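Can you read through this structure? Questions will come right after.
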């Protein structure tokens, strides 16, 4: 089977490399010449447009920033759609608005092209070692047919429902992660203001009911004043915007998510959009005149 | 060394039993006759007042609901203070307001009586098998001297700073737990409203960055519609009230904690104060007309 | 001077009628035949497209629901832009995203067409009697030139700055109105739950520092269980979405606005999108199991 | 009828003076010698204790900061209760927790002493010119009997229900005022960040639906950078604490009130507790790096 990959960024590049490493015939396209050349050196074939990728591939993966980028990659002039023929499959692995996924699926269905939304969780290191988590929405049979391919890139691949379900799951994930970061920020801000040593508090509570992957991963970063990403504030703003756009379309009230979004705006406004999302703590540090260290 | 224990409730009873089982000479007091008799059957000695407990013991443990109960147990007529002499130690293991702990320590210091605040985390099952986490505030030497005793009751015992630090740590813990429950509630409410199966979403995300002890422990309860405590909404309201009283005394802003407190009021008002705190989800189910199952 | 008017809805129809009544030569267009015919009966001229309106008019007013509708009216095939020539003026009186206003102004400037954003405040009755408040953004000279026309439709016309300023002012207004409604809802929910008679509370406080146009206009509606609009929840959701889109573009944190937006989602989800925005009170009634009457 | 007055602070002093000016025989007590002497110069009689005030008076007014102060004034050694006899009346005009008012009423009822809670709204200038608003809770007949006295001190006197209703009404008032200040802060923060002139925005919207007594009184203060009280942040924190203590006792969820309380903590922590409560705007200025001027 011939594969195509569009979007060779922080995540896409290592994911594409893993496909090549697994012996697949891969055609790639990205605006960044460097990334394309790196893949070609690994054995991939360069394409000059998305259309060309589609023409040469049976399954085309996209891994770009947000809904408008996926739309552009698929449907702009010279885009994937122009190179598609009946029976091919598009798998979008970007984290985007699930309503957009559903729209793309419908447009591709008219060409008799299958579509899966398969966003991932886990950062660059997990993309490199092929251990990202992949949550997949779409036709169950189409999922089964492409599961092996996804398992090359991910440590766990989970089917979660109809088209859009992958991204909805990812949004739920991002809502929870953002709130869990805010949660530790509030708890540790309280402790710090009361004069405690955050390191001692961490030792006392991280194995109990308050424990979380976020606490283990992010509180030591806060204490060490290390806000190197990881996952950038800017990306989390994008994800919460998609979450809120989705929740507002469904009319589901998410008061704390909305609140954390405002906190992220403040963090961004203070020039920390490029920080790791653990910088949510900086909002609490700012308003309460303290540092969690 | 002779030990005393006051407050033989859900948590105190098994903790006291573990002290007896470890071979300690224990004098106990509680309003509840049943619990006292059970301890006596195990080998403890009954006292009729806190004063009597204090007279017969070198170290007196208290495990009662909240700050006013500790105050009553210690300083009311017939209370512990009346039976204390210089050199004895009081260890309060209740989860209370850290500022109250500091007040009690001061009043006891006048009697040359040492004081540790040593609240615990982990529910009844962990109290029974002696694996609760204990976070201790107070004089470091006094802590060292009593560490062995605490280790009989707890799986992990952590020193976190001066008097009050134990309870501040516990409050930070409770803030984080409450927010983590709200976090999964928002994430899963969004997913449910979008038509997904919460069980599938759980499978897809619980091992990733969104994972938490709360997610593993509480989301399956929500899905199974099992709100049997565990840790009651009423107790969590008490803890967040202590957290907010403390944060307001320190003038530290905790917007999401304040928000979850309002959510808990609604849960309580709907008659669910006796539910497990995972019933925070019921607020989201109520406002959004859905159930996370 | 020849005038054009596009969008003869609840607000646009009476505003257009006031222009005709003042003796102006008016060409109108709307999808709704009825409204067009009513204006023609009053003396206006019917156009079949926006293009035709623009060809026949020196100043073209638009009064449609939201940014995409303005975009469609101006720039779709057969739209206003096709009929514009240098020196004409477009005055958009819809309440839309100010960033969209700025975009439209730029596109029209390329045709040497002037643009003002001039959203209004005050509902249908004030549109009928010509007493709405109009806040205008754009070139100051252009504003001065068109002020007389605006004064036909509005009781107060205020210049507030460059293009987009009209809509930003309108959004600030809508933020404040939504929060003031939530404010009285919280105050009266507390009073009601405490057993007081909302009418007595209203009498006691509405003339003091807590007094507001919202309190005088909306609390009696709540007490009388009259949620007939006035201004619909759906429109207020649109406005807060524009406010949050704008604040997120500027990275300004507005936590309470974000919170009220979630409240409005719940009100909408409960089937009350067509209610007057005083139905924000219904959220409080729902969560607290009471009615403010 | 002989009157007594306890608490001659910012509000109490001018209120007491108005009673003397109206020709009443008034006995006064306060810790502050200055204030007492000023009243004596006006014709009042000095008492050395609350007990003495009660002995010499038929109706005793209290106007002290908060619930514990009222409790101390009434029930401490040498307090009012010791000088009371059956048939006398206590009217507490302090702004306190309504549940405390109900407790005081019960304790006084045992002495056959009547009790009204009659907190006031409007600051020092209105206390001086006798135009404050007074909201009264308690027995309706007792209210009728004392209405004339209250009207000497207040411009409007409104009966709002059983004991505690006066303070509940006052708390509802304070909830609304705090939220209305936050509302204008959010609206004007948005406008300022978008580059608008707050003065122009004020002119454009203050007469419309967004208008409020708060907008007229406080926005010009923000623009002029004048945070001289008026009503201090510290007092508003006290009032919202009473509101939240009351709402939590009733289990009524007030999410925005809880949120503004956290904002006030930040304002206080930044050293602005003595500012006028319009300093709520400073929170928004701090988080968004702007000033509303």
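In order of appearance the chains are A, B, C and D, and numbering begins at 1 in each one.
The rule is simple: a residue touches a chain if its C-beta (ideal position, glycine included) is under 8 Å from a C-beta of that chain, and two chains touch if they have at least 3 such contacts.
Remember, it's a predicted structure, so these values are computed and weren't measured experimentally.
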By the contact definition above, name the pair with the higher C-beta contact count: B-D or B-C.
B-D
Going through A-B, B-D or A-D one by one, find the pair whose contacts repeat those of A-C for over half of the pairs by residue number.
B-D
With chain centres taken as the means of their Cα atoms, state the distance from chain B to chain D in Å.
37
Mean-CA-position distance for chain C and chain B (Å):
52
Touching at least two other chains at once: which residues of chain D meet that condition?
247, 252-255, 259, 266, 269, 287-288
Can you check the complex and tell me which residues of chain D touch chain B?
237, 241, 244, 247-248, 251-255, 258-259, 261-263, 265-266, 268-269
For the complex, give me every residue of chain B touching chain A.
98, 121-122, 133, 135, 156, 158-162, 164-165, 168-169, 171-177, 179-180, 182-184, 186-191, 193-197, 200-201, 203-205, 207-215, 217, 231, 243, 246-247, 250, 252-257, 259-260, 284, 287-288, 290
Per the touch rule, the chain C residues reaching chain B in their complex are 255, 266, 269-270, 283, 286-289
